[in-house]
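Some structures to go through are shown next.
One chain, subunit A, appears in both complexes that follow, with subunit B as partner in the first and subunit C in the second.
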Partner chain A sequence: METSISPIWKDILTMSQNPFEITKAVDYTDNEIIDTFVDYPTGGYSTFAAPASPVAKFLVGGKGGGRTHLMRYYSYSLRKSQLERYIDAVKRDKYIGVYFRCSGLNASRFSGKRISDDAWTTAFNFYMDVWLTEYLLNTLADMSAHDCIWNAKQQTAFVRAALEPLNAAEDVLSGKSALSDELSIESFRAGLAAFRKRMDRSINNAAINGTLDVQILSNPGVLLFSTTSAAHQELIGLQDVLFTFLIDEFENLDVTQQIYINTLIREKDRSTSFMIGSRQWGVRTQKTFSAGEENKRGSEYEWVELEQKYRAAKDSYSEFCIKLTTARLAQAGFGDLGPDRLKKLFAKLPETAGDRFGDTAALAVLGSAEHISRPHLRTFHKGILRWSDNAALADNMIEIVSRPRSPISEKLALLRIYQQWSSSMTIDEAAARTIAEEVDALRDGHGSRALVTVLNLWKNDIIAQLYVENNRRPPYIGLDRFIDMSGYLPRSYLTTLKYIVQAALVRGQVLFSSEEPISVDAQSAGVLEASEWFVRDAKPTGRLGQDCSLAITRLGTLFNRVRYSEKPPEVGVVAFTTDLQGIGEEVLDVISVCKSHGLLIEIPSGRKARNQGSILRKFQLHPMIAPKFALPIGRRGELKLNSDEINAVFDPSISEEQYATLVRRRIAPLTLPFGSEPSVMSKPSQGGLF
Partner chain B sequence: MTVDYSLFRRRVCAPDDLAGLKFDVLISAYNESERVNKLWTSVQADVRIWINHEEYGFDDNELPSAHHIHSGLVGEGEIQFWSDLFSSSVLSEVSRDVRLAIDITGLMRPHVLALPLALALHRFSNACALYSDPSGYSGGSGAVFSKGPVLRVSAVNGFEGIHDTSTENRDVLILGAGYDDELITAVAESKRAAEQIVLVGLPSLQPHMYQESLLRLHRASESINNYSRRDHIYAPASDPFTTAGVISEHITHLRSINSDLNVYLSPVGPKTQVLGISWYYLCEAVNTSTSVIFPYAESYERETSKGIGRTRIFDLEIDLFRIDDYL
Partner chain C sequence: MKDSDPLLPKLPAPSTEELLLSKLDVASAQVWGNSITRVDIEKWLENFNGSSPIKDNERINALHLLSNFNLFGIREIRELLRALYRDLFRYPIVQQIRANNNNTFDRKVIESAWRTELACTRFLGMGNPSESGAHLLYYFRQANSLSKRLFIHQHEVFDGPVGHPSSKLSISNLKRLIFIDDVLGSGTQAREYSQKFVSQVKRAAAEAGEDVDVEYLVLFAKEEGLLEARTLDFDRVEAVHDIQASELAFSPDARIYSTPPRDISQADGLALAEHYGRELYPEHPLGYKDGQLLLGFPHNIPDNSLPIVWWSGGPSNWKPAFPRYGKIY
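Take a look at the complex of A and B:
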């Protein structure tokens, strides 16, 4: 049943009942982060993203890969409360995770305002030293206040040691009192915060008074590393503890600002480490201020792509997603559901005993209309008439393929007939009859192995065609399919479930009841909504975002036209190959940004040397996008696109008309009459069935 | 709330009564909306200045030629923009007690935001902000405003706060929402970790606009944290001073629970709401942990509205602000 309901009412009706309402880690409190955290199967996240490792890490990936959840899980504010004394939790973990988000810096303040770029770079570098040190001191002050473990002497020694490399900075930064020589972590924290706020004021007001008046007390990194080093030396209990700065949303920093962080990574001492969370595209440089040296992967840092880790162990990823689901459902009071029970809560297409083709579902789609008016038969009939103007031939051919109780037989026979027609450029009644008989034999359980393979390959496309020809959207059902669709982004998986549950609720369905699984209709509707969300959500901002959006629409439409043509060249086309020869820089940029933002996935195995050594690269439309264009989730076939076609899809300056012309040219050999000329069998039209 | 915003003066003027309004200087941003051009031709003024925002994409030969035109560039700081205008030969010699009116209807939002501050920095004591209601928006709930992509989300010069780094703090983003879901999405995404609160114009400028704005808001709902679980806050779309009061009250409440709060305000709704956020900021939030952020789009439609309703006149008592905080 199609349900028409205002999106606002959908929210109101479903928000309190949906266990998947929250799809982002930022929406969780610290306690909820702990409650909903699911460690990665086969060794856990620490096997590839250990926070206590002295080697810096870039944790990169698409939006919703779980970086923020993981980094927050590693943070001091979550870990500390697991033991009575915070210091004991830190000593157990062997690190202190100092977490912050770069968006909190409001880094855009450090530019423009008619102040020179060099002045901004100098100001930003020292500001960041102060900012990071302040975060560290917030953590140490919290630990000190809670555990009362460091006496006044130790704290004074710590502050003095931290500020020792900064000449004459003690008076400015330590927050010391005129009444006492004693210093404390808290006074240092307060002194530094006050100093930083004075910097803030000057930075903010530069636009108004035209000057940037900030006091630079040290070179980049000096204040930060002297403070971590002093904590190691002077604060009991921290000698074997690493200070790991968990820097999230790195993409919010511009190139020069990232160079500062890279410089810290290069020049850090053994007491400090960094874990940088960023979108894939957000790491703009590996340059440093250290004599222009670049940090090298494997040397100064490790590069961890969460999706790649998930992709490398598909079964583990599935298990992970199932655990995420059961954890959410248990939290929402649905009890502890095992994987098998969980999967049964999602309805399948209707089946009857012995129905090896899936005709029961197909007949349900076709409804009660007279069998002869089925769209695929009408298309066939019209195609023959258009090609030959021979009504008798058209009628005969319909009689040959027509199977009122088995529409899938009809579709399979037609596919084979179309394939033959396309290759021989003519239509042959006898050959058609042979094909129809082979299909009958297959349906009766004794078909040829070759035809079994054909059916297995094409069945999903055939069923999808049947839905679309009858003005229905093809079904997207089953937990395994939703997992595949997520493209190894857990948030996309959870968002899909969120929309499915929402669709089920507005259809009045009882949630997660074994008596009433979530309907096919609700599953498909939820998947479609998730798909549309993904396209909106993944595309970048700016001009390139619009270009990417257009390119993805064009690519999806091309694949759609191929899939729903009479004779698709390959099964399940959701990928293309290209040698990228003759492609301009702007078009390459669009492809590159589509890839970096997860709209396209590059398939590494797609590289093959052909045509005198030219390299073919293969790109797949992200599986989350596939339902929007009624395409299959799984990748099987691919289209080879030439440079004109690549330009037509990815070059925004190509007009819609030019694009449409190119698509028509590409689709013509796949649609009736496949470019063939009228046959010698042609006879004048004598009327006919339709 | 430390300021009684109900005391600020506002009045309305019917379209037929616009000719009775008289100012020394009228400033307005040129676009093709009837409500902008009707006011321009009706109101009496000795000096008239058109602002040409590059975002509207007018060629020189498309701009009206009879009056002084001050052009602004995409990405240029708004404070600098206004400073250049107020220091220009047309206005530099004008008395700071002049009867100055600025029609904010066609101005870019960050320029509306920066206007009271720029007036204060240039020692104007008073000014009138004019805003004409539309009868409706072209395309209803599907109306397009920003047509170019969002280039960046950043703090507006003069409205940058001094934020806290406490381990316990949480950022709050108050999104002044209107019809432009692309802008709402961009802002929400830029402060992903913040507790995001949506400020909706209610009563809206016209009765149907409330529902239409909620429909547009829904398109951005997946980007807004905890969208379905959190109540919106409401302030009249037509009244900047009440808007300022509502924001003040809400932030005071939030800070009573958590004093370390970093607050971000983002005015992407009606221009009157933008003015309200500016007013709140200048009255209460300068040099606090509050910033105003804005999603800068490359271009805007030249004509988005139909007809002209009432014109609202807001007296800006500029001499209230203590600009020493900025110097």
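Take a look at the complex of A and C:
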């Protein structure tokens, strides 16, 4: 090849410079977990998820709520090195956090292979006892080796006490003969690990051998609780310390396997506690093996929904997100940026003094084209012609609303005219002139209170329409908006920033420099990318995922067509209400899965249907999905959908044609000429402006 | 925007240019380590001043070519070098060892013989030590955990000056010399080094009554390059990836034009590349010896690739998308 060597033109060995590249806590090292951890404002996480609490907790929520980050932060392996002696860190915290993820268990192997379900359940229960105890012993062995605090006598007493209820199990589990004078935490740990490996081998070979050759040495929980109890009694320094098992990704366990954990929660003694991390839908049962009893919320466990906690105090959540951002930036070497400075690093739309309508930005969108050819004016003109075939009328009306320097005035006047046209089924020049004058007065600072309200309500929709009519996507900008968009899922917020930074990098922008804020274009492009990611990431796998994806596309499209119609019925429609009457099971399933996977959010304050008394349920499209369909982030208006419409959106067996018919029917009254008949003012067609 | 189709949301349909830029964004962020930004691309696009026959369509046709450019990163190169070592070098020798030992599966026998064979092998970069073949050796050694002793400079092969009739092979028990390179394009360089160097190795080996295999192993090779090199003094010429005609930018069945985006055509792409290529590199407007490659590496871009991508400077002060560093002889 005819090439020569020269300096590498850019250091492509260097991977991303994006401080938000990692958005999943499982991908972080222990040190990175510490560096990027931000405690929740106003009291911290410990106010609702204290690891040193003896009451078991289910920490549940959507994907990316911060459970894994929090639970890893609580774990012994991160806490221990904060003080010189590990035991001192543990005594200070008053708990030892034993963290593990259920995905590491490969729990699906405990089934099938021509082995009975009962045998698998028994094997799984004892395997889990061994597994959890091994994790605990790893922790104790680490502490023992580092601090050298427990002598041989104490360790021997600990091992004997731990194994005492297991009847002659010492040989098997302790790694030494029962007659041996000295037993140690390390020998116990090694013996148990070897025993667990033998179990693994047998479980993994069950399909080939046709048998499940495992030794069950005790009832569920006995080994674990005897070990925690023995540690309490025999190991100096642990008397007031709680052993908190931080069990993450609980959704990876099937019902029977979850019953085992529930049983531990029910049977636990005062030396032990549990914190279970799970997706909301992943907690399948509260049953136990304890005579069929069920654990009760408030008695055996507490139920903590992180998003609900975040939602309860929006300001705290915003503060939390900003701290997350500054922590990441500080870690990436961008220094300590305060919230005000941080917000200024994201560009705003152009504005000029006294521009209360936002016309500066609107004019920039419209560009230099002749004002008369603005799409909203052309649509108006065409609409009148279609309705009346009266070009003179159409021209007059354009003249009435036309404001070359204030496209927002034009749009606001048109909205009012359309609202009037739709209700009166006719168009009136005098009324249109009055509306246009009222809008002028408002722009000049002395408009009616009613029109001020109309503008405040509709401004975002009007601006969004202006963008879309001019073949551009509406912008999504500003840190506050990204926080709102996340729907109280911190990972969604960080992912949005990740894509924004990526978009800024490919646009050659200097990152986080006050001289060059991240452009509107890069912010909007990143938001759109994040929106697409959210749908891909949140939907379930398999057929159900496809059904949810189709439903969300249909729902988003319906909302979009309503928002970008000439006369939307309500402001900012991103939600629907339904009484769910006459809806089949399969459709209800799709709605339910969309909700459990965070694609839809159910708004708790459902209201009674008018004149019916049945409760309407209200669902909002997740705000992360809104940009994909150019919808608003915040929820204001809602559509009431009847059973046919619910089916058309959520029933995957409904054809595209049936769905299209529904959308056409739904948006016809919102689209020019609003179903109105031609006016008596109709005149023969004549030349006009367009 | 499809206003009338209720199945679609009312949204602006991205333009072909926007789609291609987005594709390049992804490539840059995910594969090229953010090495090319939209600012760089815009500067490159400014080269196309509307003087070609396709005028208004220049930008999108240029973007289409760039979005199909394969810029391999260091990670990919390491993987390719592992494949080269494993598939083109080690496996054939192991096969031979097994054949010589009654098709044995005995790992000890195979491993022992393999070590012997490896010890009798030396790896060299194709061309001058400052060229890319030699540059690759560093990564080749790392990727395959090889000893430094197995790598030599060309002058270390002989005890005297290369080309001097009295120069003898200076490495005892030498059984094979392996030349490594990234791209075998037209075969011109292979011919030059075959005449200058390989023939001397063969001569010296024959005089010493020894049999030294000289092999030329490359990551990528064009068919004509392979054919040319195989006519030379090399005992074996192989590539990890044979570049097919369909991988060339303007072959009749070029993949990049099998389903082109809206308003993109091969005829327009060719008109563009030829027009500006002729201004930049008149003898070879589509790359050295009509290379038509869309291929590059972090250390350099082969001159067989389209000059509109890599050319720097010249009469029109051309700004490259990915600069190539030309040789100064």
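Convention: the second predicted complex is superposed on the first by the 665 of 690 C-alpha atoms of A that agree within 3 Å, B and C clash if a C-alpha of one lies under 4 Å from a C-alpha of the other, contacts with A are read in each partner's own complex, and residues count from 1 in each chain.
As a convention for this text, a contact is a pair of C-beta atoms (placed from the backbone, for glycine too) under 8 Å apart; a residue touches a chain by one contact, two chains touch by 3 or more.
Keep in mind that this is a model prediction, so the values were computed, not measured.
In the overlay built on the shared chain, the residue A:Gly582 is in contact with neither subunit B nor subunit C. Once chain A of one complex is fitted onto chain A of the other, the partner contacts of A:Gly335 are absent, as it touches neither subunit B nor subunit C.
When the shared chain is aligned, subunit C comes close enough to touch A:Ile667, but subunit B does not.
Once the two complexes are laid over each other on the shared chain, residue contacts for A:Tyr564 go to subunit C alone; subunit B is not touched.
Within the superposed three-chain model, A:Gly43 lies out of touch with both subunit B and subunit C [touch as defined at top]. After superposition on the shared chain, subunit A has more residues touched by B, the comparison being subunit B against subunit C.
Across the superposed pair, subunit B and subunit C both touch subunit A at residues 6-8, 11-12, 14-16.
Only residues 6-8, 11-12, 14-16, 21-22, 24, 26-27, 68, 76-77, 100-101, 103-104, 106, 108-109, 112-114, 131, 134-135, 138-139, 142, 193, 196-197, 200-201, 203-205, 207-209, 249, 252, 495, 533, 536-537, 541-546 of subunit A touch subunit B when the two sit together in their complex.
Across the complex, subunit A is touched by residues 1, 5-12, 24-25, 28-29, 32-40, 73-74, 126-128, 130-135, 181-185, 188-189, 218, 288, 298-304, 322-328 of subunit C.
Listed in rising order, the residues of subunit B touching subunit A in the complex are 77, 79-80, 121, 148-155, 157-158, 160-168, 171, 185-186, 189-194, 214-215, 218-219, 221-223, 225-229, 262, 287, 291, 293, 298, 326-327. For subunit A in complex with subunit C, the touching residues are 1-17, 468, 471-473, 502-503, 505-508, 556-557, 560-561, 564, 629-630, 656, 659-660, 663-664, 667.
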